[in-house]
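There are two complexes below, and they share chain A, which is joined by chain B in the first and by chain C in the second.
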Partner chain A sequence: MSAMLLNKEKWPDFVGRLTGKKLWAPQAGGDGMRFAPVAEGEVPALDYGNTRVPPKQAVFPQTETLFRFQVDGEKVEEPKLEEEAVLLGVRPCDARAMVIVDKLFSWDEDDPYYLKRRELVTLVGLACTEPGLNCFCTSVGGGPASTEGLDLVMIDLGENYLLEAITEKGQALLAETEDLLEEAKDDVAEQKEKIINESEQKIKRSVNTEDIPGGLPGLWEDPLWQRVSASCLGCGTCTFLCPTCHCFDIQDETEGFDSRRCRSWDSCMFAEYTLHTSGHNPRPSRRERTRNRINHKYNYYVDKFDVIACVGCGRCINLCPVNIDIVDILKQVEEAL
Partner chain B sequence: MDLEKLRETAAEVAAREDVKYLIGWKKGTYGYRVAPGFIEDADGAAELIFSPLCTANLATYLTLVEKLPLPRGEEPDDRKTALMVKGCDSRAVAQLLVEKGIDRENVVVIGCPCPGMVDPELLAEKYPETEEPAEVKWTDDGFIVIRDGEETSVSRDELLAEKCRLCRYPNPVISDIMLGEPVETWEPAEDEGVNEVENKDVDEREAYWEEQFSNCVRCYSCRNVCPLCYCQDCILDRLNPTWVNRSVNFSENTAFNIARAFHLAGRCIECGECERVCPANIPLGKLNRKLAREVRDKYGFEPGLDPEAEPFQASYKPDDPEDFIL
Partner chain C sequence: MKTNENPYIPYNATVEDTWFETGGERAIKTFKVVFDDEEVRKNWSHRPGQCAMIGVLGIGESMISISCSPTEGDFLRFSVMRMGKVTQALHQLETGDKMTVRGPYGNSFPLEEWEGKQILTIGGGIGQAPMRPIVEYVKANYDNYAGLTMIYGARTSGDLCFKNEFEDMAKDKELSCHLTIDIEEEQWDHNVGFVPQVLLDLNPSPENTIAITCGPPIMIRFVLENLKKLGFEDDQIYTTLENRMKCGIGKCGRCNAGGMYVCKDGPVFDYATLKAIPEAFA
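== the complex of A and B ==
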């Protein structure tokens, strides 16, 4: 039982079966589509492009309390991470991003908070049939129907979703909902291939990334960095909305006698990110910070983990207030090689 | 506006020896996007445009520029910055002069009378963005959207940005060079957005802003894009003492957004950039326009009109109204 059909009319029943676990799905809010916990009895719709904020927040919350303590006491409390979660409708790029970020969080020291959440989460993906204008996943090793990182993938066949289990967690989910599903017929493979091919054709933006990781070190002082960063505002939009950006800052925060140690997302585009206590800043301007953002994704990460830390979701392009466009930057890098 | 004239003037200014670079608008990399262009020589001016898509207020770059320590023996580049401004943008320049945030002799202001910008999100919603760069032009009574070689006429009401509906100063209030004739001003619309929030009772208003601020991701794009948020040492970045915690939650997000709004009272020139750039779609314009309304109604003061004016928050007169102070 690895490929099954779910009639769309049975979608609410399928969602209803997932009770007992924390359910996340894309939902419309004042800020556009975002992954948010689904309220009991609600049925999320899946007809959306990409969420503004990536689902990374389900495994790597923007702010996470590591432990609580009292200034004048000895009590230290650690929140327990036990809740199982299911993420519904994850796009292939965002699932791939989690696999990429896993490498960092399990590298020299295991990060217990992140890894525990990852262990407790089941990713139910939805293959893309209508890629966005700035999607370029196919240039960075992904694709609209990539299953990397997913436990179960759903493909929209019109009347039905085709459900394919990728991992044991996915198998288990299919087994739990077996009575709602039908066995897929033989012609479904052909239908699926056609849909995926069509979807790939719809991806308009592309860049040849083959020589970029090897070429970036040689462009350290290239004038292109000044050019592409001149208009940068130094805000955190590109990094906070990036599914692979994973930097954080740890602070102790106090309210009366209650204190907590928490970590929050940080951004290498902020001036204070690399600011030393002495006042020296090794990345003193937006030129160095922009250069770092590209090098981290396309050079250092490849060097260390053998994978580009960009999944081509296009969010940083869509939402940059001043049209700093990573595909355009990569093309300029390629030209400068 | 005559594009040839704009580029010709820009080329002359960019070529001037006392000008470091000229900041204007150029076509972006795709769709309706317009990017800020830093033009260093006469040739670069050929890239410049002025269209209903040039919503960005470039005045922020006057104070965003990073002054790095110079290598020994190297002289600082003290040349002027030339800047293209619409009516609202010019008010930011005037307000910066009031606050002595910039020196008048360090800027060359090129004024662009502005018939009103389109709302970029509304535009993309009605006429989806294309892979190729598209254009929008002004007509006598609206706009023409040109994408993939196809032209569509659209009425002014359909696409005009909210900040432009409310605009009282479409013509630059300050300039060294003015491009073209001033545009005819229009009757500003009633600010329904602010009215709506004002008319809520306290609980409803709290619930409204709670929902909005809960979406904030604290990327600080509103602060960074704001031409009048230029403190070298922002309270939001302070750690000792920490005025606003790094934790992203309703309480801290509210502290951040309210602090910013209050610091802008009597200073915000209503260019709407904060709201445009917010990736969480928080209606920051309503917040800032509410404070602008208070200052206008209670003190009869509007910022960014007269570079010689006294700064509102830093001046005191014995007869300042105080009947509304509890």
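== the complex of A and C ==
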């Protein structure tokens, strides 16, 4: 049982079966769609583009407690991470991003918080049939129906979702909901291929990234960095909303006698990120910070982990307040080579 | 706390002794600390050149060079300049007070590889902190090395660290010790002049020698220049880098110089490697 059909009318029943686990799904609210825990009895709709905020927050919270302690105390208390979670409607790019970030968090020394959350999470994906304006996943090793990192993938066939288990966790989910599902007929493979092909055709942005990792070191002093960073405000939106950005700050917080050490998303686009206490800053301007951001994703990460740390989700392009466009930067890199 | 699997949880340690190396606004204070847990004490091992995250719960942590050699005993030493929030809190610690320690982090000086060679350390100001463990390590293993030369300087005699050790060093016949200050002072009977010039005047032979330097960036720049003038090859020269750090284990992202994480791939680099790192001297 690996390919099954779920009639969309049974979607609420399917969601209803996923009890006992924390359920996350895209939800409207605040300033746009984001992954958020689903309230009991609620049925999330999946008719949306991608979320504004990536689902990374489910495994790498924006702020998380590393441990709690009492002021003047010596004992520290670690948070217990044991709640299983299911993420519904994860886009292929965002699932790939988790696989990419896994490499960093398990490199040499394990990051217990991130890896524990990853272990507890099941990713139910939704293949993209309507890619966004700035999607370019096919330029960086992904695709609208990539299953990398997913446990189960859903493909919208109109009346039905086609459900394919990718991992054992996905198989288990199918087994739990077996009575809601129908065996897929033989013609479904053809139908699926057609949908995926059409979806790939709808991706309008692309850049040839093949020579970029090898070429970036030679462009260290190239004038392009000044050009592409000139309008940058240093707001950090590109990194906060990036599904592969993993940098964090660690701070202590005290309220009364209760204290915690926590970590929070940080951004290499902030001056304070690298500022030494002496006042010296090894990356003193946005030129150096932008150069670092691109090099980190397209050069250093490739060197260390053999994969580009960008999944082409397009969020940094969509939401940059001054229209800085990573595809455009990459094209300029390509041209300068 | 026992040795723990969570690398973010620090060990508790107690300040066994502490003293000021220098005074003034940016005073440097040395802490000799011992882990509270016997098992941690037993399992801990570090090598010259490595660092540790030390801190005060409720305030935060800073990455500080371990300024003692493991050959000195079951304790750690840190020499901390008062600069920001964490180092200010550390400076308030007295004998008997608690601090937290996690690590050790980073690579180290390849002292086994250097056996049979002349060792030349060139330090300036607080930059002597990572030089001191090399000096102490070689002192404890003189038979394995061809010799030990130490050049150390600061702006004034009051700015020199580890002054309480100079007298014994002067008596050590195997150690060639060269202290210097920038401007002449009364009752100062060592060198006067910048560290790079003292190095040039000393004119050490590059043959079978390893030179290690740490200090203010401007000093390092001229020391490197002068070492080249003296005929040292790139792979005979070592230095240490520092950058802002939070995690110490290559996750938080910020300490990279080019593709190298200073916390994991460094802090020790030979000059040949360093020259290939684009941001190494940024």
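Simple rule for what comes next: the second predicted complex is superposed on the first by the 335 of 337 C-alpha atoms of A that agree within 3 Å, B and C clash if a C-alpha of one lies under 4 Å from a C-alpha of the other, contacts with A are read in each partner's own complex, and residues count from 1 in each chain.
Convention: a contact is a pair of C-beta atoms (placed from the backbone, for glycine too) under 8 Å apart; a residue touches a chain by one contact, two chains touch by 3 or more.
Not measured: the values here are computed from a predicted model.
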Taking chain A as the common reference, can chain B and chain C both be placed on it without clashing, or not? Answer clash or fit. fit
Is A:L133 contacted by the first partner chain B, the second partner chain C, both or neither? first
Between chain B and chain C, whom does A:D249 touch in the aligned arrangement: first, second, both, or neither? both
Touch test for A:L319: chain B only (first), chain C only (second), both, or neither? first
Touching A:D108, do we find chain B (first), chain C (second), both, or neither? second
Could you tell me if A:G29 is touching chain B, chain C, both of them or neither one (first, second, both, neither)? first
If you stack the two complexes on chain A, which partner ends up touching A:L233: first (chain B), second (chain C), both, or neither? first
Quick one: is A:S2 in contact with chain B, with chain C, with both, or with neither? Answer first, second, both or neither. neither
Could you look at A:C268 and tell me whether it touches chain B, chain C, both or neither (first, second, both, neither)? second
Would you give the minimum C-alpha distance from chain B to chain C, in Å, for the three-chain superposition? 5
Chain B and chain C footprints on chain A meet at residues 249, 251
Using the touch definition up top, name the residues of chain A that touch chain B in the complex. 29-32, 34, 52-53, 62-63, 133-134, 204-205, 230-231, 233-237, 240-241, 249, 251, 253, 262, 264-265, 267, 270-272, 284-286, 317, 319, 321-325, 327-328
Provide the residue numbers of chain A that touch chain C in the complex, in ascending order. 66-67, 69, 71, 73-74, 76, 78, 104-105, 107-113, 217, 220, 246-252, 254, 259, 261, 263, 266, 268, 273-278, 280, 282-283, 288, 292, 295-296, 299-300, 303-304
Flag every residue of chain B that touches chain A in the complex, lowest number first. 28-31, 33-38, 56, 60-61, 64, 66, 68-69, 128-131, 211-212, 215, 217-221, 223-225, 237, 239, 242, 245-249, 273, 276-277, 279-282
Where on chain C does chain A make contact in their complex? 1, 5-9, 12, 36, 57-61, 83-84, 87, 98, 217, 242-244, 246-247, 249-254, 256-259, 264, 278-279, 282
